[in-house]
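Naming follows writing order (A, B, C and D), and every chain is counted from residue 1.
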């Protein structure tokens, strides 16, 4: 039987500012990535979000980002691998403390935004991030774009990696995501998106924007819950996967079978 | 044989800004309090400072502060106990990750500046801080002003507390520190400062600014290393204590004998 | 004919975080206080908000706050008068540049949150803030709680002050606001709130929580537009005032008649 | 008679952190670039630094940077032209307020670090920065690397530009600076550095790392005062220029002759 993880970014509120529909998202996903106070989130938000996820039995990951609250961690920033390493240790340590204070254990780490994208193509940056995660706890899973440097770097140093795929994004022939600002980058048709996801899980293939199907490994699917439409699509994905007898389970359970 | 801990605040540099003479201080103290990136310090500084302390065998504590880098965490800020709790978990978790990544273990937590002073007189704030520390790791020692709320709060919830005394500060009759801006608040005479410290350790008493000697318990002495003069005084204290057959040892060793 | 100003805090969004219904509020008020990037707001938000207010002909004030984005500038912080002075010059200067870049002129300055409340009772802090405002531009109006230190401080140094009153808050016998956490502090009855405001404008009196009516001067009324209910109340106040032949006009026009 | 401006970055301290030897530097330069609180500096530092420069009669410029205090504004960050524009208006407005509060007038704006370097090669970013400066005050001078996009952008929109050259840096054949991490990028020989500067001013030429002399226009020379050695070199440059009958004068005076 096929297993897949559904992960979503939550805990992105900050001080007086509310963002996301975390309580709703938590009903449909098996793993969450919680912001660590740098690109989003603050200690009060982290504590509340962790406690809610623990209560609902959803597995928790740290979602470290660049030091850019104003830009939500989405702007490329020329940090060195050494800096990225220290930034990841800091943020993962902070989130891990909230998880352990709530009586649970941290499952994974998924870099956020520009840090995730930069690492996907930069072996040195990926290596630094993987080493940071391993140095905090070598049982942690590192989530990276399927086929990217981050996955390779994790496995090279003996850290488990979860290959992430996207339901709503088009792929290039080399397995990378088509950048958001290019035509056709978003899969708007929800039925098609679901079909693609099922294909990635069961067949291990996806149809790129141009050319023949390419191989792709999927351990976890990135889903969103920022608004009602996203939430509705999340519900459909979950139902659609269950109809196909694909079990939704936290990434750490899928990876055990490797 | 008497034992005492010497603790100092280090790791207070930030980005391009250097502060303190950490490498020198580390030669003379048994414990250090490392800033956690809120009132001072940043992840690169934390990593480097932790690694140096581990290398030199000096025990490490987290030094969480208020979110006020510009004011160095020294300005009173009306944070709620819930906020303080979350802030302490966050910062202790971050520092702990660096300590564990360096192959060592966190020994203690000492709140910094205004947070330390506010907690000394506020039972609710002290309780929140003590609970934060315990929730991260119940083996941690919480350092508070000898005789203050922070010490009481820690012990009430079963957390070890280290009673901190000051060599260079005058005490009031109720055991509190004479505020810095009042006349006579600083003990300028180094020989007198040393005599007072020895008295606190051996006899458990100190002479307040006015009135008869008061009782005081001393587990750890706060010392400084910001400049050459401070460093010279630190050296004299260390030598003076050793002459009196008082052993300098990390706070966790003193507390075992309770 | 009576004139009164309606002022509201806007421009409080930050990076990815949206707050307030600024476009709607701007239809009903005569002056706005725009956040300056410390307790809320960022340069992109400031620019957009200023341009919108200029386009709609609403007069603009700077809304400087404490350096506490996480606490929205609402937490008391022990800044010195010298620090407050520098913080106000900085923030007013930044906002003023956007206003002038948009071809308009800054009308006023209203300190935000804890800075406003602290200044209301602290003559030295008020003096520092008034001097800051005057040093940037001596044509600016300083908005303070009616009867507070801030108003006195402004007028002592020859700066125009606008006396602010609140429609939805109870007053104490000494003219100060009843703190929000005390019973009866909020005027929930909208009709009563309107009647009170009209009385403050026309008669110069208000009924405090206990005791006989007290004198109060009103140059500007603080109104809110954070949600639909607040906006609906704002609309009612505006309509109610117009029915009473009270003209809604920017504070600088009211003050000319003094 | 030749005239040249000597400019230096000052006001880079922050909160408890001291940086630079501002009082000494101010004795030898004709213009200073004062940090605006984003990559360095804070309102207290800005106020004190501005007042000192005004007292000593040195012309003041704003030195806006990227929102990256931890990285001192030296790390490339993918800000959009619209963001850069808003960031520059904000910072220039803040600094300008301190200058006017001190009874003087802002002379120029020089982008800092990565913002300066990014703008040098990016016409859109340069245009946005130039428009920002002009929108605040069209009498301001914009300082950019001689021959760079920033100079072109300023002059295209009718803003005066000051062409900046470096005494201690090697040039490439296209007039750009040899990156710091490449061999030969720094001119270590102080006598050679001085000779080069004199050549740039009098002949309008400089010898690049390889190839024949290239043309270069010099309105202002960037000098440093971070340490005693830098300060000593600054003194030598000043004396050397005076010996050559080159007058040291604020950039706005040089530009009048164009």
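Basically, contacts are C-beta pairs under 8 Å (C-beta built on N, C-alpha and C of every residue); 3 or more make two chains touch, one makes a residue touch a chain.
Quick caveat: nothing in here was measured; it's all calculated off a predicted structure.
Colleague: Identify the chains adjacent to both chain A and chain B in the sense defined at the top.
Modeller: Under the touch definition, chain A and chain B have C, D as mutual neighbours.
Colleague: Figure out the least number of contact steps between chain A and chain C, where 1 means they touch directly.
Modeller: 1
Colleague: Between chain D and chain C, is it the same set of residue numbers doing the touching on each side, over half shared, or a different set?
Modeller: Result for this pair: same.
Colleague: Between chain B and chain D, what's the gap in Å when you average each chain's C-alpha atoms?
Modeller: Chain centres of chain B and chain D, defined by C-alpha means, are spaced 43 Å apart.
Colleague: How many angstrom lie between the centres of chain C and chain D, each centre taken as the mean Cα position?
Modeller: So the centre of chain C lies 39 Å away from the centre of chain D.
Colleague: Residues of chain B that contact two or more other chains, please.
Modeller: 42, 70-71, 83
Colleague: Considering only which chains touch which, label the overall pattern as line, ring, star, complete or other.
Modeller: complete
Colleague: Under the stated contact criterion, what part of chain A meets chain C in this complex?
Modeller: Against chain C, chain A makes touches at 14-19, 40, 42, 69-72.
Colleague: Quick check on the complex: what are the chain B residues that touch chain A?
Modeller: Contacts found on chain B: 37, 42-44, 46-47, 82-83, 85-87, 89-98, 100-101, 132, 135-136.
Colleague: Any idea which chain A residues touch chain D in the complex?
Modeller: 67-68, 70-71, 75-79, 83, 114
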